[in-house]
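Next, two complexes with subunit A in common: one pairs it with subunit B, the other with subunit C.
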Partner chain A sequence: MRKTRVTAVAAGAALALALSACGSGGNDDGDGGSTSTPAFNAAVGHVYNPSDTKGGTLKMANDSDWDSLDGGDMYYGYAWNFSRLYLRSLVTFKSAPGKEANELVPDLAESLGESSSDAKTWTYKLRKGLKYEDGTPITSKDVKYAVARSLDKDILVNGPTYFSDFLDLQGYAGPYKDKDLTMANFKAVDTPDDQTIVFHLKKPFAGFDYLAMLPATAPVPPEKDTGTKYKEHVVASGPYMFKTNELGKSFTLVRNEYYDAKTDPDTGRKALPDEIDVDLNVNQADIDKRLLANDLDVAVSALGVTAETRAQVVNDPNLKQYADSSPQPRTWFTAMNADVAPFDNEHCRKAVMYAADKEGYLRAYGGKNGGEIATNMMPTMIPGFREIDLYEAKSKPNGDLDKAKDELKQCGKPDGFSTNISYRAERDAEKATAEALQQSLDKIGIKTELKPYPQSDYGKLYAGNVDYSKNNGLGLKIYGWGADWNDGFGFLSQIVDSRVIRPAGNTNFGVKDPKIDQMLDDALSELDESKRNKIWGDIDEQLMKDAYYLPGVWASTLFYRPERLTNVFISDAYNTYDYTTLGVQK
Partner chain B sequence: MTPPLETTESTAEVPPEVTLAGASRKAIEGRSLSQIAWLRLKRDKVAIAGGIVVIFLILVAILAPLIVKLIGHPPNEFHYDQVDPDTSLPYGSWGGISWDFPFGVEPINGRDLFSRTVYGAQVSLLIAFLATLLSVIIGVVMGVIAGYFGGWVDAVISRLMDIFLAFPILLFALALVGAMPNEVAGLNGYWLRVSIIVFVIGFFNWPYIGRIVRGQTLSLREREFVDAARSLGARSPYILAKELLPNLVAPILVYSTLLIPTNILFEAALSFLGVGVPPPTASWGGMLYQATKWYTVDPEFMFPSGLAIFVTVLAFNLFGDGLRDALDPRGRR
Partner chain C sequence: MVVYIVRRLIAAVLLLFVVTAITFLIFFGVPKLGGATPDDLASRYVGKTASGQQIHETAERLGFTDPLYEQYGRFIKGIFVGAEYDTGVNKDHCPAPCLGYSFITRNPVLPDLLDRLPVTLSLASGAAVLWVLGGVATGVVSALKRGSFFDRASMSVALAGVSLPIFFTGLLSLSIFSYALGWTPPGGTNPVEQDNPFDWAAALILPWITLALLYAAQYARLTRAGMLETMEEDFIRTARAKGLRERTVVVKHGLRSALTPILTIFGLDLGLLLGGAILTETTYSLPGIGQYAVLAITNQDLPKVLGVTLVGAFFIIMANLVVDLLYAVVDPRVRTA
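Right, the complex of A and B next:
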C-alpha cells in the first residue's frame, strides 16, 4: 500500500476511550499556543503563523492520485483530511494542534450522536440553514442516501465497510441495486423529519460517532448521484466547491457561496484561501523542489519529503526551521514466511530476529529523522502499547550473533541456509533495508538474494500472494503498516489475524497463530477499555514470541511548511497538517 | 588516402636489381593486409590511446578482486562509521573521500565507491562482450546466408531484420525481466539475470551487424575469386567459410568494437531503470541511478559511475573508429 490507509475504525467503544487516553504516549511538545518564529517542529503542538487574513490561492500537489474524490468512495487518510474542505460529515475531528485534534466535534449535526442505552440506536439532529453549493437545502434524507450508496462496494469500491458491518441492513444492498431512490427498504436508517437521522445497529457500538465522522456521511443529493461518475462532480456541502476537475490531472476548488460559517461553529475550519489548486500525478522529487522554492504550499499525500530532500533539509538550518517531524502510527517491518522452509521453524525465525542489524534498519529509513528502532510491532502512540524487547533491539542494536547462532543450532541449521528477501522496488528505503539485512544475516551464514517487485502489485501478485511467495521462496518480505487511528484493532487486525489470509492481496504476510486469533476476538468483546488495551499489548507480545515479524522502525515523517503558509499545525488525528485551517500570505 | 593494395602492386613493378639492396629490400617487403592495418592504426594516436584505455579497463575488470584487496574494501561491505546516521550522508567533504576511500562512500550504508566502480567494470564489460558476441554470431550467420543465397532467403531474412530493428528493445527488456520466473534452465539469481540481459541486448541487436555483413557478402560473391572457386567446383559451404568469411573479418571486427560501447550504455540504462543486475551487485547504471537521487546534497556520488561509463564508451568508440579507418580507409569520408 502506498499511502497510509485508515485501517479500521471498529473495536466497539474502544475508540472514544482509546483516543481520549492516548495523550499519555503522545509527544511532550506541549499543546495549544501559537508561534510565528520559524523553528524546527514549530507546527507540532502549536499553531504556526496564526492569521485570519482571507484570500490568495493555496497550491497543492499530489505525487499520485486520489482513490476517489467521492466521499463515499475514499479510504486514504489524506483524502479524508482534504475532503473536509468540500464535504461536511455528521461529525468530524476538531481542527486543533496536538492531541486536541483527536476530539470529535459535531459538523453537520448539532451535537455528537445521542445513543440509546444499549448503544444500538444513534440519533443525530442536523443544523438549520445548511445548503449545497447550488443553494438547495441539505436534508437528513441526503445523508441517509449517502450512507446507503456507500454500502455498494461493487460501485464505490474504495471506502471502508463499517456501515455494512454494523448497520442492521436486513439484506439491503444500496440504491444502485435496489433501484429505489426513496430507500423504502433501507430500514437501518430512519429520517423522521428533514432534520433528524436515526441509525439502527445490529450490535452495540459505543464508538458510533467515529462512523458518523466518515466522509461517507457527507450528504449526496440523490438526483445528482451518477454512481462511479459522481467523483467527477461532487456536490459540495463544505466551504469550497469544485470549479474544474480534470481527473488524473488537476482540479480547482473555489469558495462555496452557500456555505455559512455560522452553521459551522465547532469544527475549527478557517476557509482562508479564495482558491485551492491541486495538481495530480506530479513527480515526488519535483514536489519537494517546488516546496523548498516556495512555489508550492502543500504535498497533499502527506508522505513527507523524500529521503534525499530530508537529508538536504536537516543539513541546512535555514531549511530545517521550516520543517516538522511527526511520529506516525506506522511500523516498518519484515515478515518471515512460515510457508517457506526453514521459517516454519520458530528457531530459524528467532535467529533472524537476533541477527538482524536494527541500527542498519533505522539507517535505511533516515536515522532519527525517519523514526526510531522498533522493539515490537505496535507504534508507541497506540493505547496499550508497551515496550516488548525480547530480542535485545535496544541493548544490541547491531544484532546478537551468538544468540542468533544458538537459535540456528536449535533450528537444525547450524551453518545457515539460503532464502530470498522481497521488497518494493520503487522504495529506496526498502532496498536499503534489504541490503542491510543481507549483510547482517550473512554473518551467521544465512545467504539471501534480493527480489524487488513493483509496489503496485506487491500485495496482489507477489509478497501478498500466498502461492507466489511459497513457490518463489520469499522467506523474508519487507513491508510496513500504518493505522491512521490510534487503536490496537485498527493497527493489528489486518496484519495478524490468520483468518483474513486469502489467496492474494494479503496484508497479513503469514502470521498464523490460533492464540492470536483468539485474543483478537477476546479484545473485541471486552467492554472495559483498559483491559482491552492490555490485550492489544498481549497480542503484540505473543507476536514477538512467535517471531513472525521482525520489527524495524517506528516511523516518523518530515514535513516541510513553506514560508508563506499560515495557520499551520500537525493534527494528531491525521498525523499531518490540518488542511482546513491553512491560509497563505499574499 | 592510399588504397591498401597499392604497396603490393608497387612491389611488383620495382625492378629486381633494386630489391637486392639490403635496407630498401626490407622496406618494400610484401605486407599482409593485417600488417598494413596495424601500421595505419599505429599512426592514429587517438585510437591507440583509446585502445590502451580499453586494455586497461579489461585488466581492471579481470583483476577487480585483486585491486580491491590491495586498495579498497569488499564492494558490498557496509561502513556505517563513514556515514552520519541521521542525515544518511558521508562524513567529510566530497562524499567522504579519504585515503581509505579514494572515491568516497555511498550515502546510507557507506559502501566503498572505489571498489564498487571497479567491480562495476566487471559487470558492464562482461555483459557488453557477451551480448556483442551473441549479436555478432547471429548477425554474421544470417547476414552471410542472406547475402550469399539471395532470392527469397534474402527477402525473408531482410524483412526479419527490419522487424527486429523496429522492435522497442528497451520496453521489451523491461517487460521480459519483470516477467521472468525465478529459475530458467537451471539458472537462477544473478546469473539468470545476467543471461537475460545478455540475451535481450544481444538477440535484438544482431540486425545491425547482419545488414552490414549481408551488404559485404552481396558484393563479394560477385568477385572473381569467388567465381574462380565456384568454377573449380567448390561448394557453397567451402566458399562461405574459406572465401567469403576471411574477407568479412575486417567489417565484423570494426562493428563489434563499435557495438560494445552501445551495449555498455544499454546495460547501464537497464540498471538505471531497475532491471539490470540485481542488488547488491555493483553496476555503473545502478550506481548512477542511486546518485541521481542524492545530487542536491551529495553530488560527488555521481562522478565515479558517471565518469566510468563516459570514459569506457569514449575509449571503445575512439578505438573502434581508428580500427575502421585502419582496416577500411576508403570508408572514411
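Right, the complex of A and C next:
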C-alpha cells in the first residue's frame, strides 16, 4: 500500500512538473502555475489541484456568525470574499493566485471606472444581459438603490462608511428616511440610462474603484428590500442563490440559473459546486478536527487553524503538506498616547521604540508561525510598501537599551517614568505582548501597570475613548489593524488620519500629524498609481519618524486545505482561499 | 390534594414575577450602578462608526433614558399584550408573550428560543433517561453487591465521568466515533432536522452519553447510599420474612423508599438542563438554548440573555413543582399536607 502511494505521488509529481513547465510560460488565464502534489504552501501563488469539473456540494462551517449576509451591511473580509458567490458588484478583485489578485477587474461594469480629471466624478457602464435570480433584469437604478440604502447606519449598522465619507450627499440620508424610492433627492449618484451610473464625490478620490468593489454596490431590487430583514433572503446577482437560510444556524446556496457566465468574462469565477452548505456557530476545535478528517471543506471565517492545531500541523509532515501560510494585511502594534505625559515628547516615544523587545512581541503571537517582526506599520503586501527600520528591529530584535536610555535623557526623564498599558482581555496574545513590553521597558526604568479591558468595548469606552484614556493614564495601547483592502488608503486611513479622531469609538489612537494628513490628501487626488503608491510608503516613513506607533508583528495565518478541494489558491486580495473558484472532488 | 396543587401553582407564578424583577434589575439596573449611562448601553446596539448624536437618539428610541421602573413596567406589559419596538424605520411588533426584543438582530427573543427548544428538549430528555436508568440501576446493583468488584469498578467509572470535562470527552468522542470510525454524524448536525427518528437519535447519541456520564455518577452514588440505608430497615426484613420475591423486595419496597432524594435532585437537574446544556451544546455545536445563551453573552445582547434566563427560571420552577407533585404520588405521607 505504502509503496503504491509513493509511486503514485512520484508519478503525480513528475506529471505536475511537466504540466507546470508547459503552463508557466504565457499561460492564458495568467495563473502563477499550478500543481496537484500536496506540499506546504502549494496554494500560495499557484492553483493547487486545478480542475474544471462541476458538481458536488461544498461544505463550509463558521465558528461564529456573519455580521450580515446583506451586501450593504457586512464588514468582515471573509464575508466580502464569500459574497461574490451570490452577489456581483460593479468591479471586484480578480480571482487568480499571486499578485494578480490585487487587480480590480470589472464585474457588473464593462470596465473599471472612468474618472474626471479632478477625480471627483466616476462613471461606470453596466454590461447587458444581467439578471437577478428570478429573471428580472438588473439596471443601474438597482445599483444606485443599493448604495443609497447602505448609507443608513441606523438600519444597516455594520458596513463601512466610505460612501458617506466621499459622496456629495447634500443631506440625503437614504431611502428609509427619505422614503422616496425614485431617489430623486440622491443627487450624488446619477443614472442617465439603465446601463450607466455616475458618482459625484465631494473630494477627490483616485482609488474610487475600491469603493465600487464593495458589496454595497451589488444591486438590490427596491421593491424587494425589507430593510433589517433583507438579510433573511438576499436577492442574488451572482452564480449562486439562497435556497434556505436559518438565521444563526445554517444556510444553503444553489445555482442561480439566471447567472450568465458569458456576462462574467473578467473576474475568474468558476462556480464549480452545485451546492454550498454553510453551518454557523460550530465549535472551533471541532471545525479543525473535521477539516483534518476531510469531513469539512472550508473554515469560512478565515481565522486559520487554532494554535493547538497549528502546532500539530507544522510538526507532522503528513499534515503540513495540506497547509498554507498566508501573510495577512494586518499589523499587530502598540499605540502611544500623546495626550498622556510624557508621551507628548517624541523622545520619550522613541525611547519605547528602541527599548521594546521585538522578539518577545513576535513570540506573543506564536513565533514565526504567527508572522514576522514588523519594522514599520504597513504590511508587506500593500502596494507601495518599503521596509523602513528606524529603530533596529531587525539588527537588535531584543531592543537597544543604550539608545533608549539616550532618548530618555533627551526627553528629560533619565530615570524613567510610570504609565499604563491597555490591552483586550480576551486576547491571550495581547496579554503576552503587554507582559513582554512591561519587562523590556522596566529595564530602562519605565514602570508600567497592565490594564485589561473587554474587547467589545475597547474602542467605544476605553482605549478608543479620548477622555477615558486621558483620565486613566493609558500611555500605551495594544491593538492591531487589518486593511479593508490591500491599498495604502485601505490600511492607513482609519488609523493615521487625525481628522477621523472622535470622542469615542476611535481606531486612530492618537496620530496627529498635519504632514501625514496632507500626504493622505495628496495620495487621494493622485491619479497616477505608481506615484500614489510611493506616497503611502512616505506616510509610513513619516509615521515611523513620529514614533506614535510601535509596530510589532506582520501577521500570518495558517490555513488547512482538505484533500477533496479542487482549484484552491490563496487570494492575495482576501488573504485566504478564494471562495469563488473552489470545487470538490467527488 | 387539589388545594395543595393550586397553592403550589400560585407560589410558582409569584416566584416567576420575582425572578423577572431580579433579572431585570441585574441586566438594566446594575450597569447604571457601575456608572453606565443610557448612551453607554445604547452604544452596544449601533455600528462601529456611529456618532455621539446617533447613539443618543438610539438611547431615547430604545427607552434607556426612561426611569428603571418604567422600563420594567413596559417589559411586564409586553409579556401580557406584546410590545412595539422602534427600529428607526418602522415599528417592529413583538407579539405577546414578548420576552424581549434583541436590538442587535432586530428580532423578538421568544420565537428564537421556541425554535431552539426542541433541540435542547431532545438532548435533555434523552440524557435524562440514560442517566436515571444507568445511574439508578448501577446504584442498586452496587448496593446489593457492596464491596464487590462491580461495586468498586462502577463507582470508579462514575467518578471518571464526573471528573472529565465535557469539552474533552465530547471532542474526543467526536474524533473517534464520528471522524475516525464514521459511526455517528459530525458535530453541528441538527438532530431536529433529520428525516427519521433513527437519524435523530444518531445525531444525539454522543451528546446523550457524554452528558449522562456527568450525572450518572451522582445518581449511582445517591442510589447506592439510599439503598444501603433502606435495605437495613426493619420493614425490608419483614417483607423478606413474608416470602416476597427478592426482586419485589428490592424494587417495590427498597428502591421506592430510597427514591425521594433522587427525585428531588432529578427535578433540579432536569430543570436546569432545559434552560440550556451550555457546555454540551457548544462542544457538539447543537443549535439549542444553551448555545443561544453563549452567543448572547459573547455578543453582549442583553435582551437575549434576559430571555434565556427567564426561560431557564420557568423550567426550574416548573420542574420543582412537578417533583413536589410526584412526591405526593411516591410518598403517601405527603398527600395529606
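Heads up, the rule we're going with is that the second predicted complex is superposed on the first by the 481 of 586 C-alpha atoms of A that agree within 3 Å, B and C clash if a C-alpha of one lies under 4 Å from a C-alpha of the other, contacts with A are read in each partner's own complex, and residues count from 1 in each chain.
Note that in this section contacts are C-beta pairs under 8 Å (C-beta built on N, C-alpha and C of every residue); 3 or more make two chains touch, one makes a residue touch a chain.
Computed from a prediction, not measured in an experiment: that's the story for all the values here.
Superposition note: with subunit A as the common reference, subunit B and subunit C can be accommodated side by side. After overlaying the two complexes on the shared chain, residue contacts for A:Gly360 are found with subunit B alone; subunit C is out of touch. Contacts of A:Thr263 after superposition on the shared chain: neither subunit B nor subunit C is touched. By the touch criterion stated above, A:Asn281 is placed in contact with subunit C alone, subunit B being left untouched.
Contact with neither subunit B nor subunit C is seen for A:Thr196 once the two complexes are overlaid on the shared chain. When the two structures are aligned on the shared chain, A:Leu247 is found in touch with subunit C, with no touch to subunit B. Shared-chain residue A:Leu461: touches subunit C; no touch with subunit B.
By the touch criterion stated above, A:Asn185 is placed in contact with neither subunit B nor subunit C. When the two structures are aligned on the shared chain, A:Tyr176 is found in touch with subunit C, with no touch to subunit B.
When the two structures are aligned on the shared chain, A:Asp154 is found in touch with subunit C, with no touch to subunit B. With chain A fitted onto itself, subunit B and subunit C come no nearer than 6 Å, counting C-alpha atoms only. Overlaid on A, the two complexes show subunit B and subunit C touching the same residues of subunit A, namely 285.
Per the touch definition, subunit A reaches subunit C in the complex via residues 61, 64-65, 75, 152-155, 157-161, 176-177, 227-229, 247-250, 279, 281-283, 285-286, 289-290, 293, 295-296, 456, 459-461, 502-505. Only residues 40, 43-52, 54, 58, 87-90, 105-107, 112, 167, 171, 174-175, 178-180, 186-188, 190, 282-285, 287, 291-292, 295, 298-300 of subunit C touch subunit A when the two sit together in their complex. Residues of subunit B touching subunit A in their complex: 76-78, 80, 83-89, 107-109, 178, 182, 189-190, 274, 278-280, 290, 293-294, 296-298. The touching residues of subunit A, counted against subunit B in their complex, run 285, 306-312, 314-315, 359-360, 362-364, 366-369, 425, 428, 431-432, 434-436, 438-439, 449-452, 454, 471-473.
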